[in-house]
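The structure appears right after this line, and notes come after that.
Naming follows writing order (A, B, C and D), and every chain is counted from residue 1.
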Amino acid sequence: MNDLLTRDMLVKWAPLIVLIVLVLMFALIEPRFFSVRNFARIGISSAPALMVAIGVTFIIIMGSIDLSMEGTVSVCAVAFAFCFLALGGTLWSAAWLALPLALVVGAVIGLINGLVHVKLKIPSFMASLAMGFVGTGFALLLTGGDRVRIEDEAFRSLLTVRWFNFPIMCYVALAFLLIAWFIQTRTTLGRNFYAVGGGEELAHASGLNVNRVRVLGFMLAGVFYAVGALLAVGRIGIAETATGSNFMFVSITSVVVGGTALWGGIGGVFNTLIGVLIVNVIGNGMVVVGLPGYVQDGVLGLLVIIAVVLSTDRKSVDFVK
Amino acid sequence: MSFIKKFIEQETINRRNLLLGAAYGVGGLVAAKTLGAGSAQAALTDPAVAWSYRNRTNPYWNEIVSGGEAFVESLGKSKDFLTHLINEGSSEKSLSDVKSLLAKTNGNLALAIDTNDAPNARPVVESVAEAGAYVSTLWNKTDDLHPWDFGDNYVSHMSWSDEGPAEKTARILLDAMGGKGGVVHLGGIASNNPAIERLNGLKNALKDYPDVELLDAQPADWDTQKANQVMSSFLTRYGDEITGVHCANDTIAYGVLEALRAEGIEDMPIVSYDGNPQAVDLVGQGKILATVFTNPHWGGGITAALAYHAAIGSFKPSEEPNEHREFYGPTVFITPDDAAEFKKSFIENVPTYDWTDFWGPSNGQIMYK
Amino acid sequence: MYELRQVDKKFPGVHALKSIDFKIGRGEIVGLVGENGAGKSTLMKVIYGAYQPDGGTITIDSVAVRFQNPRQAMQKGIGMVFQEQSLITNLTVMENIFLGYEQQFVKFGVVNWKAMAAAARAQLAKVKLDIDPNMITAKLSFAQRQLVELAKVLTLEERVDGDLVILLDEPTSVLAKEEVELLFRLVRELTTRASFIFVSHRMDEVLELSDRIYVMKDGEVVDVVSAADANVDAIQHKMVGRDVDKQYYREQKQEPYDADRTLASFDAVSLGKKYRDISFDLRAGEVLCLVGTEGSGREAILRTVFGLETPDSGSVTLKGEEVRAFTARSGVEKGVGYVPRERKVEGLVGGMNVYENMTLSQMRRYSTAGVLRLGEERQLARDWIDKLSIKTPSEHKDCGGLSGGNQQKVVLAKWRSGGSDIILLDHPTRGLDIGAKEDVYDMVRAMSADGVGILLVADTLEEAIGLSHTIIVLKDGEVQHRFDCAPGAKPTLYDLVHYMI
Amino acid sequence: MTLERLKPHLPWITLLALVLVVGIGDSNFLKPQNLIAMAADIVPLFIMALGMTFAIYIGGIDLSAQSVANMTTVIATVALPLFGPFTALLCIVAGLALGGVSGYVTTRLLVPSFISTLAIGGIAYSIGQYLSGQRALYMDAAMRDGYFGWMVGSSFGIPHELFIGAVLVIAAYFVQSRTVFGRSLKAVGAGEPAAVASGINVARIKIMAFAISGALAAIAGLLFSVKLSGGSPTIANGFLLPAIVAVLVGGTPLTGGVGGVINTLIGTLIVAVIRSSMLYFEVDATRQQMVFGLVLIIAIAMTIDRSKLRVVK
C-alpha cells in the first residue's frame, strides 16, 4: 500500500513540483528572475488569466468544455467600461454599480451559452465556440471597434496600489480564488459538478437535475470570466473588443497543466492556480532568460507537454483522445 | 518648425500646385470628365466601392474605414454604399471574400484593400483584373508585384516606408535618454513588414549613439496585453538598465505604459508609431515622446478614391507615371510641442480632403532594396 | 398499493410493453423474471420514471400519477437500486448517498459536511455497513458499493411520507454467496418499511426471496405465481416458451480433450499483486475453468494470455512459442480470442454493424493491400448469422441495438470465424437469459469438439462445474487446488468453496 | 419515423436550404461560375478540414493544423529554388512527421490531443518563424508556374483546385469506407476498448490519424502558398477555427466514430455559403461576426444527429 500512496501523492503534487522546478530553473539561468518584484509581475499577468481559467475549470470538471471565454470577456469588459463612464467614471460615484453589472452580464452570457448547449442538445464544444463568435461580434457591435479608456485612479488602483509588494488585483484574484474554492468544496453546486463529471447518467438517475447543474455551471463560469474581464481592464486601463483575445487556449492549457483532467471529474481550482502560474512563469521566464522570440512558441509547447506528462496518473488512464 | 506645420504647409502647397496645373496630369483628366468627353476606356458606370481590411477591433483600421466612408459620402452617397470585407486576419477569407464580391457585382467594382499578408496581394490583384474590376492596394504586397504589369485594373499601391520615420523617432528617444543607457524594442508580428522596418529604423539610429545599448527586441504582435507582459519581463531581466523604450506602434505603447505604471515608473522615455488619437493625447501629456501619424483617414479615403476614379474613367492609370502608381503615404511626426495643434487640426476636426487630389500628400515613389 | 394498469410503451419499430398489469402490496417482495428483451428493463424504467408510458395508468394508493423524470418518482417513494457501478466513483460515499438531495444539509448556501456525514452513517447503519462516509467510493469493494446503493435508496424513508417501492436490478450479480445472504436478510428486514421489486437472472434467488413472481415474455406478463407454488422448471418454461434441457450444461456432450496437444501454458508466471506463481497447461479441446472470488486473479490471468497484461516473471507459451511481446495484437495473431465480461465496452463496437464487428479482429484476411473486400465480409456475416442463429434483421444492423445474447454471439463469431483456437471466456453468460445461455453452452461444446482450448471464468460455480474439464481454484492470486471434472465425477460446490475462501 | 430517416440527410439539406436562401436574395449567387469559384476558393480550407476530420473522427482534435500550414508555406517558398518539384514531397513529409509527433505525444505520453496538438503547433510555428527569418517571402514566379502552376490553373472553366480537392476527398472517402485503416479508425472512434481487445494496434491507428491530419494540413499550406505565390509564418492564420467549424457543422461531432469526410465536404461548403451570404445580404461590418455565430448555432443545431450522441457534453 505504501508505494501506492506515494504514487498517488506524487501525481497529486506533480503540478506544484513542476512549478517549483521551473522557477528554480529560470532562477538558475537568470538570478534576477527570482525576485519579489518579478513575482509581482507574474502575479499581474496571471490574475486575469486565473479568473478565466477558474471559470472554465468548473466546466471541465463537468466533463464539458467552454470556448466562449474570449467573447464573454470582451462583452463584459466593454459593457463595464460603458456603464462605468456613463454612471460617472469614478468608483466614488454611482459608477461602482458597473462592477456588479459586469458580473451580471457575464452570468447572462453564460446562461445563454448553457441554454443553447442544453436545450438545443448541442455539444458544449460547438455551442460555446459559436457563442464565442457571437460574444466577440456583440462586443464589436457595442464599440464599433473603438477602445474605451478607464482612467479612474480609484479603479486603476487595482494595478497601481501595492500591499506587501503585490498590487491589489493580485489580492482580488486571490479572494475570488477562495470564493471558487468555497463553491467547489462547500456548496451543493460545486459538488454536483464533480457528480456530473464522474458519471452524468448516474447522476441523472439519482435524481440530480443535470441540465440545471450544467446551465448553472456555465453561468458561474460567465461570472468568473467577467471578473477576469474587470482585472484585464484594470491592468491596462482599456476595454475593447480585443480584451478577450488569446484567453481561450491559454486558459484551457493552464487548467490541464494544473492537473484537471479534460474528461472530467478530477481536479479543482487550486490545480488551476498552479497551472496558470506554470504557464505564466514559462512566459515570463522565457523573456527574462532572453530566449529569441521565434523559439518561444516551440519552447512553450515542449514545456507544456512535459508538465502534462509529469502530472498525468498514467496508470489510472486507459486511453486518451 | 514643428512637423505639423510643415505638413499642413506642404499639403496646401500641393493643392495650390494642383489647381495651377489643372490643364496637366490629373487635373487634365478631371477636366476631360467634366467636358463629358466619353472616355474610350471600358470604364465602369456606378461601380460598387469596397474596402477590405483586417478587423474592426483596431483603431487604425477604423480610421482607414472612416476615410473610405468620407470618400463615398463625397460622391453624394450614404455611408452604407461602402461594402466592408473583413478578413479577421485570414488571408484565405480575404481572397475568397473578394472573389465573392466580384461575382456578386459582376466585376463592376472599385476595391481598396489591404491583403493582410504580402503574398496574398498577387491572387487578389489577378482575380480583380480578370473580372475587369479596379483595385488599389495599401500596405501589403510582395516586391515583385507592380501595378503597371496589369494595365489599368491594378490602379495603385500605397505604402509607408517606416524605416526613416522610425529612425527619426528613435533619435528623439535616444536624445531624451541623453545618448546613453539601454533601450528595448517591442515589435509587431515578427514577419510583418512594418514591424521589420520599424526595428531597422531603431538600429540605424543606434549607429550614431555608441553609448546606447539595444538590450532586447521581442515581438509583441501589435497587442496591448502581450506588450504589457513582455515589458514586465524586460523589467525583470534588465531592471534599471532600461532607460528608454521603442515601441513598434501605439497599441504596444499602451501596454508598455501600464507595465511601467504598475512599477511606479512614470518618467521612462517612450516613442511609438501610428498617431492614434489616444496616443496623441499621451504625447500631449508627455508620456510618449513622439509618434508618427500616417493619416490613415486620408489613406483609406484616397485608396478607395483611386480605385473608384480609375474605374469610372476619371483618369487612365496606365498613362500615369510609375510614381503615381506606387507611392509612399504621408508621415507626420507628433511631439509634445505640436500634439495640441495636431489634435485640433486632425482629430477634433477631421479635415475635409479633396478626394481627387490623389498624390498631393504622398511621399514619393516606392523604392525597393 | 402501487399498481400499473394496461401500461403500453412503444419505441420506433418495437412494441416494448404490451398492456402490462402489475401491482405490489405493502411490504411485499415481488420477483420479476424474463429473458433479455422480454421488457423487464423497460418496465423498470417506466416504474422509476425514466420512461413515460404511451398508454395505461399508474396509480399509488388508487391515485393516478405520472412521472416526468426519476426525481418525481422518488418524491413518490419509488427508488431504484442499480446494478453494480452505478455510484459515481470520484465522489465520497456520503455525497453519493445524498446526491441530488444535499439541500437538507445546506445552510446559507454552505454544505455542512459534518451533518451530512452523520446522516450518511445513519443510512449506512440501515444496511449494516460500517465504513467512513467520507471515503472516496472508488476505494470500496463491489459488494460494499451495492450496499451503499441500497443505503442511498433508503434515504427515501426520511424524505417520503407514503410507502416505499424499491427496485433491485440484478443486485447479486457481483456478490459472493455470503454477501447475497446478507443482502437478502437485509431486504427481508426492510419489508417493514418498503416493498421490493427484485429482478434477477438467478432463478433460485428469485424463488428464495420473492413472495410473488411476475414472468415476462415479449413485452407481456405471461404469468404471475406466488413463491409457494412456484416451480423453476415451470417458470423457465413460461419464460422461454420451451423446455429447459435437464442436461443444462451439456454434460452429455463433454468429450475428453486431446492431452497431447498443448495450446497454451503458464510456467510460474507472476504479475504484481494480481497473481503469483501460476502454472497450468491448456490442451486442445479442454475447457479449463478458473474459479475464485472477485480479485482472486482469474481475470488478470485471462488478460495475460490475451496480451493485455504483461507479467513480471515466468514464461507464457502459446502453441509452443514463448510469448515475448504482450500486446492484444500478438495474442490475436497467435489465435487467441477474448470474450470479455464488459461485452458492450470491450466485446464489440456499438455504432458498427454486424459484419464490421465480426471482421474487426481479422481485417487482414478480408482485404487486399489494405482495401477491404466488403462482399466477402458480408458473406461471412450472413454465414455466421445462420450458423449461430443470431437474431438480427440483417448484417447491416448496428450491434449496439442487438440484445445481449445476440451481441455475445457476434463476439464469439468474431473469434471463431477468424479461426481462433484458444478462446478466453470471461463471464460469457453474464446478463444473458436462459435461452441465450444455453446457446452459449452449446457453442462451448461445439468449440471444444473442434479442438479449441477454452479458458473460462464462469458466471456461477454451477456453470463452472458443469462446463469444465478442469477447474483451477484461485485465492488471492495463488493456485489452491486443481480438479479434474470428467463427466460423472465432478467436484461439488462445497469442494470448490472450501478452497476458495 | 420520417424525421428519423431524414436525420442522416440533414447536413446537405441545410446546405441546399442556405444556398437557396442566398440565391433568392440575389440571383447572381446562383450563377454556375460563382458557385464554382466559391467552391474553388474554399479548397485549401477544405483540405485542412479534411485532415481535421480524421483527428475528430477518432474523438480527438488537431489544433496544430494552422501552424503546420503556416510552416509549410514557408518551407514551400524556401525550398522551391533548392528542390524544385520535390518541394511538395518535403512539405507533405514535414506535415506527416509533425502530425505523427502529435499522435505519439497523445497516445504514448497520454497528453490530451487538445493540448498536445496545441503544443506541437507552437513548435511548428517556431520552425516557420525560424526558416522564414520572420518575414513574408515570395516565390519566383517562373519557378512556381513551372513546377506548381498546374495546381492553380483551370481547364474547361473549372479551376484545378477543385480537381485537387475532389481527388483528395475521393481518396479520403475510399480510405474511410473501404480500407482496413478506415474501418479501424471507426472502431477506435466508436469503441476504443473493443478495438484494443480485437487486436487492433490502436496507438498506431491514432498516430496515423494525426499524421494524416498533419499531412493534409501541409497540403493545404502548400496549395495556399502556390496560390499566393509566397509564404509567411502567419499567412495561414484564420484557418483553424473555420476548419474545425466546417467539420462540426458537417455533422462529425467530437465524440468520434460518427460522420466522416463527406460530412466535412458539406460542412465546408456550408461555411463558404454562410460567409458569402454576409456579402450578399450586405450585413453591416460590425455585425458580421455576431451573425456568423448565430447562423452557426442554427446550422449546428440542424445538422447534428443527436441519436448518435450517447451523452451531450
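Here is the rule we use: a residue touches a chain if its C-beta (ideal position, glycine included) is under 8 Å from a C-beta of that chain, and two chains touch if they have at least 3 such contacts.
Here the structure is a predicted model, which is why all the values come from computation and not from measurement.
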Which of A-B and A-C has more C-beta contact pairs: A-B
Chain A-chain C separation of Cα centroids, rounded to whole Å: 43
For chain B paired with chain C, centre-to-centre distance based on mean C-alpha positions, whole Å: 73
Centroid spacing, where centroids are CA-atom means, of chain A and chain B in whole angstrom: 36
Whole-Å gap separating chain A and chain D, where each centre is the average of the chain's CA atoms: 29
Chain B residues counted as touching two or more neighbouring chains: 56, 190, 219
Chain A, residues touching no fewer than two other chains: 140, 144-145, 293-294
Residues within chain D bordering two or more other chains: 129, 134, 193, 196, 286, 288-289
Full enumeration of touching chain pairs: A-B, A-C, A-D, B-D, C-D
Interfacial residue positions of chain C with respect to chain D in the complex: 12, 306, 308, 327-329, 331-333, 338, 340, 342, 345-352, 356, 359-361, 363-364, 367, 370-372, 374, 414
Chain D to chain A touching residues, read off their complex: 58-60, 63, 105-107, 109-116, 118-123, 125-127, 129-130, 134, 192-193, 196, 202, 241, 244-245, 248, 253-256, 286-294, 296-297, 300-301, 304, 306, 309, 311-313
Contacting residues of chain B [partner chain A, same complex]: 55-59, 61-62, 190, 216-219, 223-226, 228-230, 232-237, 239, 254-255, 258-259, 261-264, 278
Chain B-touching residues of chain D, taken from the complex the two chains share: 26, 28-29, 31, 33-34, 37-38, 41-42, 44-45, 73, 129, 132, 134-138, 141, 224-225, 227-239, 242, 272, 275-276, 279-280, 282, 284-286, 288-289
Contact footprint of chain A on chain C as seen in their complex: 50, 69-71, 74, 80, 82, 86-91, 95-96, 99-103, 106, 109-111, 113, 152
